[in-house]
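What follows is a group of structures, each given as structure tokens.
In the two assemblies presented below, chain A is common to both, partnered first by chain B and then by chain C.
So, the complex of A and B:
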């Protein structure tokens, strides 16, 4: 199921879509603050994210395109097991958070606060189907969803052409310096796609490193563009908003777009389910590589998807648990742990011949 | 194996054929040596048989003739037909006779000679029924294999076009031909197609649809095997590096791999100005989405999201639906199922009865049902537009019908959320299909910029003509090659 090859461009598009999904589907406790400071926060957070990707990219280059977990698994069973457990916990947390976002976003837009079981059954079916069909299918579907999103973005920009008030942009790096770093960390912590990249980069057909600049560039530009649209359309009068695109399309003067404001919801729900599917497939790869259970990997992926949805439903009914999980995820600590541990372990575990040849490994994560 | 005694051979052949009435055995003596000409009634042309076989043999005059001399003369020196082959077993004799050959057996030799005198009745070459066009040839494939091969060969007078004949079906013994452009098609692709055909487990192959599932990769919704009635389309597919299969008895030739975007391309796109081709292709895409989505979307909006409908339209829709006794979903399902019944009836019935069905459907369903207040007019309109739009992409009309029905249920039960989930499932299903190494959804996903010249837009021949198209340019690795 998972031993398929994807192209770096498609992989980057899906990761960027996943990142933007996190941006547009804000949870109730994390209203996005729009203002001039947000430009600075976005740029700083992406610089931080870029810094996170550098060690991983260096490790991948050093190991000839193999994913860090493959290198670790090839050297030490103990370290491989530890890596597998650590990544599994991070992946499950990120997947549950994604499921929670999808559910919340769907509930307050098109599902109209339908019972949780309703979402679980329908979205769960689609999720398990995507996991069953494998990495290629999920990534290609994500590419199509990304293309629809770009078209939607163009449509929204066209529709709002008369609404832009550029005088609302003013030269200021920060409005409230005391909140800048918390915003930066919050933005940074939303890049959980790093886990998918670190686990699945071995499945990219060639030049896996091309994913990094494409993903970082694409997602940073998109989020900056969204921030620009928000600042110029709403100004600083409405600085705290929940669903950027949903609101943007709703305020458009063009009736068609106003009436089609459900379309972006469909894209984001698709993106959320696909992102959870990618997390599930990543877990399958961990089971295959780190724990050496190739036969159980497919079943493990499916079970992981179901568990992530179940956990997300648990989050919705236990607010205290949800708050704790949100604080942990929003601190960026899990992301930083994975980003530092994985490359360091991979570099330590890589065979000496690789160091001498500059990385001539041919194996893949599959 | 054959015996040297003629009588024994003919008895064996009769036995293999179970004394079938259509087996014809003509005994004669040529230069004093007994011969037997075996043929199958209805499979041969009597004139050809008389002029190409009987007359030359009867006029043969060999001094001191022996069976070996006569055999050597027939096989090596006598020019009696362009299609000749030796046969050495009763089974080969029977197979050749049933394929339109006559087999000459000579007393005293253990080898027969099959001579091609095929003359069975065939339909003449006419315009294709299902793939019509405005400009271009009016020739379509027919049921006879050799005529179809000639239609292809006439368009590619190059030794690069290679035919490989095979026989499939243990009982039917259906002849098929695998075609490819040797320098363009990947050798592995042709080998894989031949391997699958050689291991075909069927006893009876009557139509291309019988072998199509064995060339597919078990995708439940989308087929990765193309079928066409047009020789010009078939040739263009071969020129792109695909492998084709022509089946005796079927006017539909198959080719692999097939991509999803090909359903929106027709031959006329390449004979018209690129601007008009672009316009009509966009219309086809819109029609496809209207065909699968419109009734489901209408049901979803009416049931769950009326706020998305403009106020004036919403009032009209509400007024129309208020007069009907059923829910919107029930109405939609009833109308869609009834339309499918009408379509099926229209396809199977004789044309004169089909008109009656059309009248009943058009007047009774279209007018009386609405005026009686059983179904709302807007719903009827939505289903009708979707049904008509479905025929614009006729190659996937069945898939469109199925998807429309699923969307109706999803939209009616779960609203836009259901539409989203159904879209995701269909999308994943299409994206998971790999047709012989080429992603079914390419060049859209994975994206191939080079192939975009002939996907939504159709570039002019000045640009398209400079490079040879290759289906394997779309395998998603393009961006990695850079």
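So, the complex of A and C:
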């Protein structure tokens, strides 16, 4: 179902939405702290993320817009298989984490005491539909969700215009210097969109690399704006709120849409499902390109989605497993491994004769 | 089109298969009262009476517009569960627009409010008030007017704000105040009195008298109306404007004036080892009523007298909270931190004591915008 019709702009919008989703849907052990250090941590983490994209961007440019996995697959079956297995593990972990975030967010906010089955059935059906319709439809839906989020943000800003206490901002870069680095790494490790970009960039119709600055810039500015709102509206209370953005939307009282938390929950559950769908489609692409099984790709995508949801359920019942997975993913090491391995392997596998100039991307799947 | 028809048919026919609560089985909470006797929380809930106005029945104004239920538990949550069990209604907190805490529950108000804030179905914009005595007494009063008894209480809180007598406090704001360094907040204080009028079934009514200063772990302190009025000037809050009405006496004649566009600026500094707080207030005023023969001639005097009145209110409020109890209820710590981080670094570890020993200076400038007798 993969096709080549997505634009860099819409791809960037979807990636930015999924990045902001990770920020909004905190897990029980993640908290947003009040203070100026948060701004510093966000900016530093995005600088680090930008640095991580540089080798990948260089490799993609060197290979004429091809995604790294296509270049690797065209050269060495062994390396291609290894890349496929490595990326599959990373993707599955990231997708399961996304499922866990969506489920936890939905459970606490709207589903309350509803049985887990409700979420699994709803998310599973939507995921099935997204994978069935393919990348173009998923990205289109994601762009709409991103537009709704922007509208929600504007509505919240309008509704709370009089409640931004700018005196709650103070001149400081750090509040707790001993935790700054860990906050930066935690923020950095939330950029699992790198995997989606690395696998699916070949499906961008033109100028795939434009996606990176658009997505990083958009998500960084959005997260900084959200941090500004948390600090100025809630002050010290921020550190006590599990989902500060949900609380912001629930206190936004405007005439027609009295309390915006319903829209908020809809956007984020939609974003969570879309993100899982993008991971599933990425896995389908890996099966198609790295393992050379085009026919099995669609069914593999569906099985991947189901496995991710099942694993996310497992995370909810085995705290030790969840803790270990969170520590590994939160260290930023898997992301760094993928970010270094993929471009290095792609550059290694790209003979000079294959190098084409121009940004026209070729589909990773025919 | 076929797919859409199938989808619509499925939605219309299968939706009944999903378990869902009926409207008359849900207790839509309008107001919640919380009392604590040292070991047990008692929660009293006024919830929408579906047999009276709206709901699933035709309008019946002879029935009370609100039902009242009460239950106890070790925690507020368990008390609410017990209440659901006893009343036969699933209590929904999303529409509760007033939460009242009795004297006993004000001591650990922070924990109680944290519970409300972390409860995602609760209304973050609900007014939070303190009760003189028990919150259950407040909840037991049912106003006959309108579709909901709580509407009248909300109107009272709103009027009190408009007249500059008391500052309304909403849920997330109160929870935030209690997370600031001195862990303190001021809530409007509600008192029951025998009105003798027919606007309630019990012949009693509620009046807002001053405020309750809640400091974590301590018994609440009562603030007078003048003190709470001063706090409204300095920190109007998200549901207030800071506007107020004052009465001044000029040459033996009472003048009522509306104060609006009130702005306050707090400048902290260190005077030796004492914290100095300079407050500058600016405001506009207009006459509401006067018996002066020529109010235009009294313009300058009126500006001066109104300025004096506002300064006194602000000073009284700061003295009652900062100096008497070391309680920062106007967000002073934010001002110090943003304007003078170096002062904050010096005083943050002993902030309450610095507040108690602080020097306060208040100045006010008022300009009479118009002398029209009507708004």
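Methods note: the second predicted complex is superposed on the first by the 341 of 366 C-alpha atoms of A that agree within 3 Å, B and C clash if a C-alpha of one lies under 4 Å from a C-alpha of the other, contacts with A are read in each partner's own complex, and residues count from 1 in each chain.
By definition in this document, a residue touches a chain if its C-beta (ideal position, glycine included) is under 8 Å from a C-beta of that chain, and two chains touch if they have at least 3 such contacts.
Just so we're clear, the structure is a prediction, and the values are computed from it rather than from any experiment.
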Query: Is A:168 touching the first partner chain B, the second partner chain C, both, or neither of them?
result: second
Query: Once the shared chain is lined up, is A:58 touching chain B (first), chain C (second), both, or neither of them?
result: neither
- prompt: Now for A:123: first (chain B), second (chain C), both, or neither, which partner does it touch?
  reply: first
Task: Could you tell me if A:234 is touching chain B, chain C, both of them or neither one (first, second, both, neither)?
output: second
Message: As a test of reading the superposition: which chain, chain B or chain C, is in touch with more residues of chain A?
response: B
Query: For A:108, is the partner it touches chain B (first), chain C (second), both, or none of the two (neither)?
result: second
Query: In the superposed arrangement, does A:205 touch chain B (first), chain C (second), both or neither?
result: first
- prompt: Do any residues of chain A touch both chain B and chain C, and if so, which are they?
  reply: 112, 259
Message: With touch defined as at the start, can you tell me which chain A residues reach chain B in the complex?
response: 6-10, 106, 110-112, 118-119, 122-123, 125-126, 129-130, 133-134, 136-138, 140-141, 143-145, 147, 204-207, 210, 255, 259-262, 265-266, 269-270, 273-274
Query: What does chain C use to touch chain A in their complex?
result: 114, 117-118, 120-121, 124-125, 170, 172, 175-176, 179-180, 238, 331, 334-335, 337-339, 341, 344
Query: So in the complex, which bits of chain A are touching chain C?
result: 108-109, 112, 162-163, 165, 167-172, 234-237, 239-243, 246-247, 250-251, 253, 259
- request: Name, in rising order, each residue of chain B that touches chain A in their complex.
  value: 304-305, 308-310, 414-421, 423-425, 427-429, 431-432, 434, 439, 441, 444-447, 476-480
